[in-house]
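Labels run A, B, C and D following the written order; every chain starts at residue 1.
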Amino acid sequence: MSHILSGIFPAIITPFNAEGQLDTIALTANIKRWNQYGLRGYVACCSTGEAPLLTDDERAQLIRTVKQTMLEGMTLIAGTGRESTAQTIEACRSAAKNGADAGLVIAPGFFKTLITPEALLKHYRAVAEAAPIPILVYNMPAFTGVTIPPATVLALAEHPNIIGMKDSSGNGPYLNAVIRRKPADFIVLTGNAPTLAQAFLSGADGAVLAVANLIPEICVAMHRATQAQNFAELQRLHKLMQPIAQVVGGSYGIGGLKHAMTLLGYDAGLPRPPLLPATAAQTATIEQTLQDVGLPR
Amino acid sequence: MSHILSGIFPAIITPFNAEGQLDTIALTANIKRWNQYGLRGYVACCSTGEAPLLTDDERAQLIRTVKQTMLEGMTLIAGTGRESTAQTIEACRSAAKNGADAGLVIAPGFFKTLITPEALLKHYRAVAEAAPIPILVYNMPAFTGVTIPPATVLALAEHPNIIGMKDSSGNGPYLNAVIRRKPADFIVLTGNAPTLAQAFLSGADGAVLAVANLIPEICVAMHRATQAQNFAELQRLHKLMQPIAQVVGGSYGIGGLKHAMTLLGYDAGLPRPPLLPATAAQTATIEQTLQDVGLPR
Amino acid sequence: MSHILSGIFPAIITPFNAEGQLDTIALTANIKRWNQYGLRGYVACCSTGEAPLLTDDERAQLIRTVKQTMLEGMTLIAGTGRESTAQTIEACRSAAKNGADAGLVIAPGFFKTLITPEALLKHYRAVAEAAPIPILVYNMPAFTGVTIPPATVLALAEHPNIIGMKDSSGNGPYLNAVIRRKPADFIVLTGNAPTLAQAFLSGADGAVLAVANLIPEICVAMHRATQAQNFAELQRLHKLMQPIAQVVGGSYGIGGLKHAMTLLGYDAGLPRPPLLPATAAQTATIEQTLQDVGLPR
Amino acid sequence: MSHILSGIFPAIITPFNAEGQLDTIALTANIKRWNQYGLRGYVACCSTGEAPLLTDDERAQLIRTVKQTMLEGMTLIAGTGRESTAQTIEACRSAAKNGADAGLVIAPGFFKTLITPEALLKHYRAVAEAAPIPILVYNMPAFTGVTIPPATVLALAEHPNIIGMKDSSGNGPYLNAVIRRKPADFIVLTGNAPTLAQAFLSGADGAVLAVANLIPEICVAMHRATQAQNFAELQRLHKLMQPIAQVVGGSYGIGGLKHAMTLLGYDAGLPRPPLLPATAAQTATIEQTLQDVGLPR
């Protein structure tokens, strides 16, 4: 499967209209624009897409809309992790039915310390057995409070229906511990923009990034510079990426990303409550930062 | 409302049968036994009840079953917090329809740092406005990763439909900061068993406890000793409570609590995946601890 | 030794004069005032005493001054923990020579994760063997980043020259885990003011408190209320203590404590750099808080 | 000053003899071997050098020994941070007298939350004013519990006697926030081996590394590959570095590093108590890891 997963995926935002409803027209417009940048595909229903705030119907509609609008040959990954094993399986089935090529399964995190490595092994294996599409393990400790240990990832990598992982920890030694011992065809995608260049140096196959909603062309260029072993270009893009990554992540949140996207002409709207739009101080910093790096061009 | 919320509430476990389905027969049996211990009421669909692993239908059935089985005069609180404001409102409406007297609204925690005090204020006020039943704010940082600041709780306490809070932080200064400045009729319930006596000394009105599934009589006795200002009795019960609280909380988890309940004759079953049953080492410690304190009697 | 360690000890502040030098005249004046409140003794060279900012000579002078000024029958404990085992032993010898009755040995914390339970066992045993005075183990995770596990404390409690512990974690289950299994003559002192009443309920023998610099009479009264099993009095004092404990601990720091002491007529001065005096906002809150609880009387 | 600080510095270990005393013969032998690898200089009395476990006399002797043995043109940096401002100044004076070219001043960390940005500004400025040699700010949150905010570093960078910083956080966005806005001649050295390549991509001038005790040639080669913009070589060395960095840092500690050095023929000895030698499990992993990467060659 590695050819369909190697490259850059935006963790696409979910646009809502003025009434707070899913705006498939805006979504379609964004996808058509993204389609021109050389992306490997899309990840829908990810945390950047406010998936925990969507209904099951909205998730299905979202997946279908991406499927219809993306280019042929692109890969559609859907976030399908839930707190319960049974509901995670159900989400994989639904995503498959609506056109997803793979499920990205975030570790269940509500119960924190109770989600032991053994619980993770059982959960992911049960999901992998039952899911009609291949799945990727998703390590996102900042949101879940749970780190999937590298040894657990490597044990799961042996399952034929677990084809890769996304790691958003930004923890270099973690990523490296997985990459060093993984089977050759187990795909590793990073979800951390500030360490993207380091992830590529370490051998990551690609990335699923919030920032790729905003600057897909820069993310794709970093991947290409890596493949071309072009040091000067990778360094240039790495330095360009850093300030942008800082203001469309962390405490700036999804409101900040959506504001930045609006500035660059995307149809992004506002986040859904309880998430707030970017504050005035945040929008000012975002605007200054984009201007500093020469965006929009 | 304070008379209907002052006292001990178990955060009731949800029994599942051998097929993993909600077992209302077991639930009914447990409630009938709990009914004899002087509890103030029940909290259904709480984290101890594995609410994040239940479907909406199961939650409704659970609430209805408790409502039908509890004694007249008891209060039924239902966990109604969700990640989105809209779904939280919907959960309050559903709980009310099924018989809940109040909604216990855990802070949305998936997005962690994005859930600012301002986001919390807007969320809880929107929920309070729309909910057909009064709500309690629920601070549970260990699971949500979000602390609702005391100043936010106090601001929310002014809303007529926000009648109290549950605090499971176990943080004495936090609880005290709320109690010192709260309106007289704003109810404060602790959710932390090891610090129960301290919470009572600080002026808490009652408690919502996982351990009250197992030893409701000891929890109720601690509340009564406090009301009677009986130091020796409170100290005796406090010391009795400590080892029990340690093995039915923390890393022992819901699997540990359910195992301990089974040992004492409750119909508790096993947790739902990905939660695991207690390990052999855990069950041995639980059995030894109960024996040490003379349970079952 | 338990009779000489049961009760309240202030973790005494170290006054500096306008030139930043140790002010033994101010110290003597403070001790003479403290002497009238029924304290069990004093702890010199503790973190509240800014020990990490003192020279060895200053520490010796401080210990000698307390020794000369305290009442007969009082106990003098000196902070003697250092990062190296050898220097900790040397500090115990020096403290003994200058009149200390016991050494309070904080866990070495600079190297954090390298200070394993095994390292702690070897360190404390080597110190206990070589020290000419008995020692107390000191658990202070907020400053050291190291928690001495209860099992390690209990293993150390078997050593004849390790006579007790001070626990400043404020963690109720931790304190309780030690108290439940400790030898009868192993003394447990709490160092956490907000949870003082709970520590007494759990069976702590006494306390070493920063706040006892400021309100020794209230701390002593809480100890006496516990011994008298006087619930109403303990509860009254607990509620009185809470707001005071909050503004002379935590982020208010030693500058805040010294300011509060000055307001109540002690000769406290300012902290030594890099510690800062309380900010204007902090002093305002401190003044308001003392006024709220009716201090000075 | 940037030419004398750009490149690789080992944070040199301090060898002790069988009696636990400073072993200057071993130290001299190690330096003579290190001298041949193209290092920019040495950092003595750093945390890797167990500085918190050394006496003032030992520190002086250590600095003098390095000074006498290093090659002409090399730079000698000495760790001179202490908890008090006054003692830090005294340490800078002593280091200068004994031959240090610059002082590396770790943030005072014992009092954690009390070490505010304002306290850090005053502390570093007072030290910079009084120190007879230039100083570098040292951010090491894992050991101190204090993060020096980028804005504080940038404010300090304006002082003529504060010539640079070492950052051991391993936090890419932190490093980048400093590098993007720093004055051109303000030197930034990373202290985090796993992220060395990323630090170079971000524009770091060099590194102070524990792992450079063991594999100075690989560290120097990574610096040179960066200067030569040789992508393939940097990537090869980055992958080689990762497993080594993992077993000579983190929980393996100084005992692990010293063991690995002994395996490669350095005269390293054992750490000083309370630090422990590497455990049997750790030495086995270290040996396997070195063998995996073909060391010794």
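FYI, contacts are C-beta pairs under 8 Å (C-beta built on N, C-alpha and C of every residue); 3 or more make two chains touch, one makes a residue touch a chain.
Keep in mind that what you see is a predicted model, and the values were worked out from it rather than measured.
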| item | value |
| --- | --- |
| Chains in simultaneous contact with chain B and chain C | none |
| Farthest chain relative to chain B (centres taken as mean CA coordinates) | D |
| Whole-Å separation of chain centres (CA-atom averages), chain B against chain D | 50 |
| Between chain B and chain A, distance of the C-alpha-averaged centres to the nearest whole Å | 35 |
| Chain A-chain C separation of Cα centroids, rounded to whole Å | 50 |
| Chain D, residues touching no fewer than two other chains | none |
| Chain-chain contacts as defined at top | A-B, A-D, B-C, C-D |
| Chain A - residues contacting chain D, complex | 170, 172-173, 176-177, 180, 194-195, 197-198, 201-203, 229-232, 234-235, 238-239, 242-243, 245-246, 250 |
| Complex contact set, residues of chain C against chain D | 20, 47, 52-55, 83-87, 108, 110-116, 118-120, 122-123, 126, 142-143, 145, 250-251, 253-255, 272-276 |
